[in-house]
Amino acid sequence: MSHHIVSMQGVHFVYADGHPALNGVDFTIHHGEAVGIVGANGAGKSTLLLHLVGLLLATEGMVRVGDCPVTPKTLVEIRRHVGFVFQDPNDQLFMPTVAEDVAFGPLNQHLPEAEVDRRVKAALDCVGIAHLADRAPHRLSGGERRAAAIATVLALDPDILLLDEPSSALDPASRRRLIGWLSSFTHTRIIATHDLDLVLEVCPRTIVLQGGKVIADGVTEELLADRGLLEGAGLELPLRMQGWTPGR
Amino acid sequence: MTYLDRALSHVAALDDLARRETPLTRLDPRAKVIVTFAFLVTVASFGRHQVSQPLPLLVYLAAAMAFGDIPWRVVLARLAIASPFAILVGMWNPIFEAQLVQLGPWTIAAGWLSLVSILERFSLALMIVLLLLATTGMDAVAAALGRLGMPRVLVTQVLLLHRYGFVLGAEISRMMRAHLLRAAGRAPELSTARSMLGGLFLRSIARAERVHEAMLCRGFDGVVRRRSRMHLGARDALFVCGSTGFFALVRLVDLPRLLEPVFS
Amino acid sequence: MHMTDALISPVVGGLGWAAAIGLSAVASRRMRNDPAASRPALMGVLGAFVFAAQMVNFAIPGTGSSGHLGGGLLLAVILGPDAAFLAMTSVLTVQALLFADGGLLALGCNIVNMGLFTCYVAYPLVYRPLAGFSLSRKRLTAAAIAAAVAGLLMGAFAVVLETTSSGVAQLPFATFTLFMLPIHLGIGVVEGLVTAGVLLYVAKARPDLLQSASNTPGSSLRPLLLTLLAASVFVGGLLSWFASPHPDGLEWSAARAGDQQLAEPSDGLLARIQDKTALLPDYSLPATSGASEAPEESWPAPSVGTSLSGIVGAGLTLVLAAAAGLGIRMLRSRDKPGPSSQAS
């Protein structure tokens, strides 16, 4: 199975209470691409990501991850190759220590303990928190927690990384570190976020969502300089493009 | 500080104590759990008028607390807070156990002695458990209990409880503080309680669903697996044998009485 | 109310543990057979909710007293009896460990008192029949109050039984019962109201939670309940067998030593009740162990010398304890270069 392509074709999704969240989404993302998914609250960014890991199943249309359609039968296989970083790190750090959380995924893959230990060390080193291995999650700062959450996912050795609002609640230094990691990873990266400046730095390509539909899909620098497009979608120009002048 | 805040900081204090490097924290958690149970059984097995014989156990506790660098403050605070029920029930003993006995030059109701015994047992039992937690930590104790036979489901439960107890406790604490600020320090009333707890309950359920999804995304298949990290060594065996031997000695021989010749 | 180590005898504690272990095994096995019920995240987080919520006291208007949420019933409605029982077991375990709330020996009894009666008796036999699956405010509230009261009364009565059969506390059975039951009736009403309130709140936002399949147990509870009934009859018989022939420990050793100095309790009824309810507080009976000169009860020969030495010895022991503690600390701090602190 090739894990190189992530695609949605004509995907519709309606919540149990009747609320339509996705109204015909189409796109194709290739291996190694870094794509930003932007839109106002309620535009469907998180919902879209949840489809890519099979936590939600499309009511209409086709979702493919690595050329494998997302169905109840293929969930286990898909989740071996897709890592999802949740919006609230507390939700994915549920073991007593950071190291145990990072080991959770590899242990579920029935890997031998030596390999599990190797992966844990590698993942912790990748985000620079090896010294926090035995710390309890509730004693971490926001940035450390975000790093730990990413490490738990890296340990799975995925091909594709999905991140939901990764820079929210991070202080500037932590955010800068996050941008560094995301830029250095070679996985396919799909990032749903409000942080347009992060998208500018990390993602060459951007998909703009509004009302559950893709209204733009192209080169980041062009889309995010288009004030009309952004404001129509309930967004603003990235801060660095807003030309702030003192005393205004 | 509300009762809740005090409880949360007590738990955090125990966690902190357990994280340090002391001779006691280095012992295997299973050994410490076994010794704790042996201690408790010993305490409970004394007759209800034996007030002086259990006292050498206090020496053991004091020595253990010294070796483990445990401050008395933590223990005494907990003793004070937790004593009401034992006192409430035990205080009737002097009334209902009216047989008179001689104690030196005084004649008192036997019930006073059994009351003191109750308070004594209560203190000893509380201290040994706190000592266990302060030298081992909640998660290691849960793992030890799992190795000693507790079902895996329960071990996982205890771990998750410990983990999310803090998160939810902090949320409740914030809600209570907000309430106190608006209600001039009075405790919330029943109707307020319903919406506070109801809202928290809904959010908890939502959080539980997200945690479950996170588990699924990392390959969860129904069993929570952990790396095995416990080793039993000679030091642990010595600790268990020495401690249980001492408890047996205290139970069978009235040591304080042996000190009497020292005085005369 | 929690049963505590201070008032328990090893036998009663052991019986409680046996019951708790048995019930936990049954609950885990039933859950394994029902895959939909296996959601550690839900059990864990809701357990944490109960744990945290139990630390909050609410003022009851007009009475000046306070109440709080027990949680067993609430969990049973949302999770079903098996998961709820395991969740309550974990809450009680953590409380016993972290707060020394009750104690570890008494933990088994507490699990029975606060887990069994709410999840496996009050919920299926009182709440479910009364509430059905309706979401009507009146029915739900009535069912919740009835179930909460039932569960608490059973639990309170069990505490009385456990305490009196342990023989440490001397509160007579009848008095203790009269004291505990009315109080727990009140607590039960409050808990029922709070539980109903939370349930109604949840019903408005997430009615699916109250109607979900996990509420109806996969396998019928009847075999479990019948087993419990048989077990309680057996245990009750066992306890009374222990209680009747052996007199209260005090009178036993007094009788042995032929000592007539002890005054008879003025109220004959009290003596009879004490007779019936004292379970072996002593583990080694003087008759059987034979050997040790150490008195099981310090009353056989209440001479002035004997009793005084007990006091003196006690005092010296306390001094020794303090000295040991201080000495060891001083030695250790001399070895350490400075205060050790964990990097954080």
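When the chains are written out, they are named A, B and C in that same order, and each has its own residue count from 1.
By our rule, a contact is a pair of C-beta atoms (placed from the backbone, for glycine too) under 8 Å apart; a residue touches a chain by one contact, two chains touch by 3 or more.
Not measured: the values here are computed from a predicted model.
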| item | value |
| --- | --- |
| Central chain (distance from its CA mean to the mean of all protein CA atoms) | B |
| Contact-richer chain pair (by C-beta pairs counted) among B-C and A-B | B-C |
| Chain A and chain C: spacing of chain centres that average the CA atoms, whole Å | 48 |
| Interchain centroid distance [CA atoms averaged], chain B/chain C, Å | 15 |
| Chain A and chain B, separation of their C-alpha mean positions in angstrom | 43 |
| Contacts with 2+ other chains: residues of chain C | 41, 44 |
| Chain A: positions in contact with at least two other chains | 94 |
| Residues of chain B whose C-beta touches two or more other chains | 159-160, 162-164, 167, 207, 211, 215, 224 |
| Residue ranges of chain C in contact with chain B within the complex | 1-2, 4-10, 13, 24-25, 28, 31, 35, 38-49, 51-53, 55-61, 66, 69, 74, 78, 86-87, 89-91, 93-94, 96-101, 103-105, 163, 167-172, 175-176, 190, 193-194, 197-198, 200-202, 205-206, 209, 249-250, 261-266, 270, 281-284, 292, 294-299, 302-304, 307-314, 316-318, 320-322, 324-329, 332, 340, 342 |
| Residue ranges of chain B touching chain A (in the complex, touch as defined) | 15, 139, 159-160, 162-164, 166-167, 207, 210-211, 213-221, 224-227 |
| Parts of chain A lying in touch with chain B, wherever the complex brings them together | 53, 55, 75-76, 79-80, 82-84, 86, 88, 90-92, 94-97, 100, 103-105, 107-109, 113, 116-117, 136-138, 152-153, 156 |
| Complex interface listing, chain B residues touching chain C | 2-4, 7, 10-11, 14, 16, 19-21, 36-37, 40-41, 43-45, 47-53, 55-56, 58-59, 61-63, 65-67, 69, 78, 82, 85-86, 89-90, 92-93, 96-105, 110-111, 114, 117-119, 121-122, 125-126, 129-130, 132-133, 138, 141, 151, 153-154, 156-165, 167-169, 171-172, 176, 186-195, 197-202, 204-205, 207-209, 211-212, 215, 222, 224, 251-260, 262-263 |
